[in-house]
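Labels run A, B, C and D following the written order; every chain starts at residue 1.
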Amino acid sequence: MNHARQCWKWAVAAGIAITTVAPIASAQTYKGEIIHPMMVTRTGPFATASTGVIAGQQDYITLVNMQGGVEGYKITWEECEFEYKVPRALECYDRFKGKWLMVYPNSTPAIFALQERVTKDEVLAINLAGGRSDSTDGETFPYLAPVVANFWAQATSTIKYIAQLEGGESKLKGKKIAYIHLDNDYGRQPFPMFDDLAKAHGFEWKSWALSWPALEQSAAWVDIARRYKADYVIGWLYGQSCAVPYTEIAKVGYPMKKYIGSLWCGTEDDVGPAGTLANGTVTANYHAAGKNFPVLKEIEDKVYKAGKGTTDPARIGTVAYNRGVITGMVIVEAMRNGIKAHGAPLDGKKVRDGYRMIKLDDARLAQLGAKGLVPPLVFSEKNHGGMDAQVFQSWDGKTWKTISGWIPPNEPMVRAKVEASAKAYRDQVKSGAPAK
Amino acid sequence: MGELMFGIELLITGMLIGLMYSMVALGFVLIYKASSVFNFAQGAMTLFAALTVVGLIPHVGFAWSLLITAVVMCVVAVGAERIVFRPLMGSTQLTIFMGTVGFASILEGAAQMIWGTRPHGLKLGIPHEPLMLGEVYVSKPDLISAAIAGLLVIAIVLFFKRTKIGLGLRAIADDPAAAQVVGIPLHRVWAVAWALAGMVAIASGVLWGSRIGVHFAMSLIALKALPVLIIGGIDSVAGVIVAGLIVGAAEALGEGYIGTHIGGGVQDVMAYVVALLFLMFKPSGLFGQATIQRL
Amino acid sequence: MANEIADSTPVVAARRAPHYPGTRVVAFVLLAAFAVVAPFVLTEYWIKAIAIPTIIFGLSAFGLNLVTGYAGLISMGQAAFMALGAFTAVIAYGRFGLPLPLAIMLSGAVAALVGVIVGTPSLRIKGLYLMVATLASQFIIIWALQRVPWTGSGSFATLNAPPVRIAGWDVSTPTDKYFLVLAVVALMTFFGYNLVRSRVGRAWMALREHDVAASVMGVSMLQYKLMAFLVSSFYAGVAGALVVFGHTGAASVQEYELDVSIKILGMIIVGGLGSVLGSYLGAAFIMLLPILLAILMQKAAAAIGGTPAAVDTLANAEHVVFGALVLYFLIKEPKGLAELWHRLAAWVDSKVYSFNGAQTGGKK
Amino acid sequence: MAAVLAQHALLEARNVHRSFGGVVALAGVDLAVNPGEIYSIIGPNGAGKTTMLNAISGVFRPTQGSIHFNGRDCTRLRTHQIAALGIARTFQNLALFRGMSVEENVLVGRHALMRAGVFECGIHFGRARGEEKRHRASVAAILEFLGLGHAAREPADKLPYGLQKRVDLGRALAVDPRLLLLDEPMAGMNHGEKAALMALVTELNRGRGITVILIEHDMGVVMNLSHRVAVLDHGVKIAEGTPAQVSADERVIRAYLGSEEEVH
């Protein structure tokens, strides 16, 4: 019965495997050290951006540790691979439950799925320039935060940028704007904003939805450029779909600088594959690219010289990497404030309070060596961020060149939307209806 | 431009893309004909091939990288035959299908282990300015890709008609047992089928790569081939060409005339809707052989 | 095509000679007992992140096994049916305030209804063609769920469910949710277990093995093929509702895309076509192995100093190992993990009841 | 003559045509089988014998003509409905349900006689339970009758060929048929087995009053068992009558010699 022996063999193997896993489930924080679990996506279609962001965050934390840590506490991180998949994200969250100080999945779908859990466990989940746009309202969403420009803010400042090119918002009247987007949480959030803006400025907009992975967009582009004859095209794509439009644009002969991508298509990897075709294309961004910032120099000199870097040094200063560094700053700053206010050891709630105390104004940013990397980030209980400006950048074939100043969102309009949406959410929760 | 011209341009654009779907579908057909197995790994093979090509170009140049990749894909193919087929021989179609799913997982993992997770450009130096036929714009790269796809399909057809191995493949497709009896070496023929599928993977990997860049999500292009398979008839090489044209046209026209009124996003569904219609009315596809069950 | 038709019906573990119930009964009692005490002996992580999703997907896999394993009709739309269930659950329970049990039933019913429609091609086509037909439905259903505004998956494509209450019982803690899920799954497994041993189950198997002979024996092809799809997608719908009420608390199409359908198909193939137990074993295998591997890989990475290259490589190695293990089991156990267990049980029996070990010492 | 017989014929086929693509398998065949008789259909290969059985058992519909069972037109009925009328058949190539045990195979034959719906079967209560008990009992009886009792729980496809043929027959008997169609039941059997099976068929016919339509190549068997014999050739009935009459008919002999197959 060697078959049966084999069964035992496998049973034993499984047993061993499970016992190796078991300890991870139990959570405890060690003294003198801050444990910071991280959700990462190192495999699958979304690994590209994520690996850069993770590297930036980890390198920044390493730098902080080398400079004595946060209020004397060193930060150590544990990774949890979730492949940008919602079920895996939930598993990761539960696996490290009790250890979380701040959750940053870098995935809007994951944020939506985690909302219930983090709110119950009082852990702040952030998604820079993503997640729920209405989570700008920190009172309604005490444990969610978009940190920088939320999707609605992005939409308004992108329209403002177009207005600038046209020479004034009045000039938008009668213009045709095509909106080509992924058909999901992320691609659809700007809809209501565009409706309001169109009403306000008297332009016309039309949407072209693409289902993931949106690797084939030719028909949509023929329609946009040849029949609809859009004056501008705003793209709200992600991942590989960012690189697809350029062959189409070349083919339909659409002026490259009139295609404006969202900041999620704003990394080098998003346009690189298109080669020279993408030259002159424009995307938004919520921070500056390049590495002429003291903090990045420090990382290069200290972290990488010491061989503690977590990625190819060539990635330093790339958009994805800088986003990681900024995320790191926000997280570390929140931890610092948390310890200052409530003392160690930290927990989710303390860090959340710390987040609400963040005051990264130019002075503070200068101290951190990041002046000009991001617009000032100042949060409060009411304001979890999301009202920030965007900068616009143009691709020259090798790097992103900034071609605009910081263009703030249309704050009153975004506020109105956030408040309306937050109110609707509160009512729905009260009435027990499904919260959207 | 006029509605008509617009329609024509849409149609041409769609059909050219359609031919590129046909090329991907061809990979499935090859393996299906040889072993009546639905090879889910075809997409992963395409990704793997494309990543290998672009990964090698900086070191050895385009021509050599194609050659080396061809060799690599042959090795992969034989490997597939060894680790997926030989041991699973005699299992049900479903089991073997699952085997190819596992194999796909291995290939995808390996591809990212070896070549990393970052996307790459792959330019064939074809000018991108459109060809102007009056008001109608036609993409040169798509024209060339479509042409290559067409040639590839013709080559494969000839291969089946003329070569010994090709005939062997057909014999096996018709009746594996009998084929073995008359001494056709199953394993070798299968390995060849897989190798050919590998070559198809390279071609589609390179041509699609030059269109959309080489990136993990590329393996998803394979899904576009399924409606083509159904419409063309899974066992018909010639069918995939016609089917590709149909699917491409349906997608483009659907997007341009239906999608535009409901906010887009119908393109991918169109292909499947058309496929379903075919399944309802012509289950064995345009060129597939209908079958009668004997008692 | 010729051999495609012939091969398209999965060959499954044939009924084996009867064993002394011993091992199985004991195992079942132990399992049942463990299932009940689990929440009190396991950490929250194991309940919330491992047990609940595994048995929910086990249920869905069991449903798929009814149509694919028993009736021999390949279906690749199971995830879409779960999505239908999930959305129905949120809308029925949340928007229209139906009582929970009704909402769950309705989720099943809606999925079942669509399932019958999706199943109609099965009257004319088999094997790969049917596979792609159902796969097409998978895409179309998901697309529709996203595009029909009424579903509410408008500018936020995710629907959150309100707190779960059932007749005054607040299903809030993981333990509560676990028992809710466990109760439903146990009930439906019992139902399905009886079903496959009844005239209905036999009719399905007969259709699978030889549909012409079956109809000559008086089995209505139309009725029973569609019934198979109906029951199967009902199970999927309920599973989808359980995902909402017992696991994620939200319905979102991203969780039910094609790869999930393929996973569920994988569960029954690895677990054992035409086997109730296999559905759950397979679910455990496909759901837990990647997590297990991910953790092992991370530990390995940490162990070797976690150089960035190593971290990335090992993360991707997870997929390689996963694929390899799937292949290994398909090759070693073509009839699925259930067969492994049956042999193990037979072996134990033969040791325990050594006096008739000859008969019960496992088939083969 | 057919018209006269129609009064008391159990099964009557009128001018049945069937063609596949261009190939004509049946070109206007009339049959009238009386209750309680054993009626054999013989003829060279490709004469259309099996096609005739398929037409009767509803596997194919005639392209033309009609089939009446017990005076009722069942030409348009679906296959499973015909089974419900009490017409059962065996298969040339057995067509057993491979994945299932002998008992289950035969139980499928009882399908049309059972009534429980999905829900009842699922909760396995009330009607479903009692019914299952009853029919398992009657299946056990059938298996005993066929000498398969010991093999009830064996997987059907693991049995020796001879026993598999009995399972096939058992399946048909489980339908409680009034008319039993046997498609070359003796094929591939040795003398002993043939003798046993012949005894069995006789028992079914005499003892249980089951009318039998038999397709068989072994002329010895045919001549022995049948009350009447019909001869098909190229889809046409060229002769009908008692075994003696038929074997004397020179058209028959020509037909057989024409297709070099000897008659014993």
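FYI, contacts are C-beta pairs under 8 Å (C-beta built on N, C-alpha and C of every residue); 3 or more make two chains touch, one makes a residue touch a chain.
Computed from a predicted model, the values in this text were never measured in an experiment.
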#### Entry: Pair joined by more contacting C-beta pairs (A-C or C-D)
A-C
### Query
Which one of the chains is closest to the middle, using the mean of its C-alpha atoms?
C
### Farthest-lying chain, centroid of Cα atoms versus that of subunit A
D
## Note on the structure
subunit A and subunit B have mean C-alpha positions lying a whole-number Å distance apart equal to 35
## Note on the structure
Between subunit C and subunit D, the Cα-mean centres are separated in Å by 41
### Message
Averaging over Cα atoms per chain, report the distance between subunit B and subunit D in Å.
### Response
48
#### Entry: In subunit C, residues with contacts to at least two other chains
11, 143, 146-147, 212, 312, 316, 318-319
### Message
Which positions in subunit B are in touch with at least two other chains?
### Response
109, 112, 117, 265, 268-269, 295
### Message
Counting only residues that touch at least two other chains, what does the list for subunit D look like?
### Response
59, 91, 95
### Query
For the complex, which residues does subunit A have touching subunit C?
1, 3-4, 6-8, 10, 17-18, 20-21, 24-26, 40, 42-43, 51, 55, 78-81, 86-88, 90-91, 94-95, 97, 109, 112-113, 115-116, 132, 183-185, 188-189, 191-192, 211, 309-311, 429, 432-436
## Note on the structure
In the complex, subunit C touches subunit B at residues 1-5, 7-11, 68, 74, 121, 124-125, 127-129, 131-133, 135-137, 139-140, 143, 146-147, 212, 258, 262, 265-266, 269-270, 273, 312-313, 316-327, 330-331, 334
### Message
Help me check something: in the complex, which residues belonging to subunit B touch subunit A?
### Response
1, 6, 9-10, 13-14, 17, 109, 112, 117-123, 128-130, 137, 139, 141-142, 208, 211-218, 220-221, 224, 251-256, 259-260, 263-265, 267-269
### Query
Where on subunit A does subunit B make contact in their complex?
42-45, 47-48, 51, 180, 183, 206-211, 213, 215-216, 218-220, 222-223, 226-228, 239-241, 243-244, 247, 250-253, 269, 272-277
## Note on the structure
Within their complex, subunit B touches subunit C through residues 32, 36, 38, 40, 83-84, 87-88, 91-95, 97-99, 101-110, 112-113, 116-117, 173-176, 223, 226-227, 229-230, 234-235, 262, 265, 268-269, 272-273, 275-276, 279-280, 283-284, 288-291, 293, 295
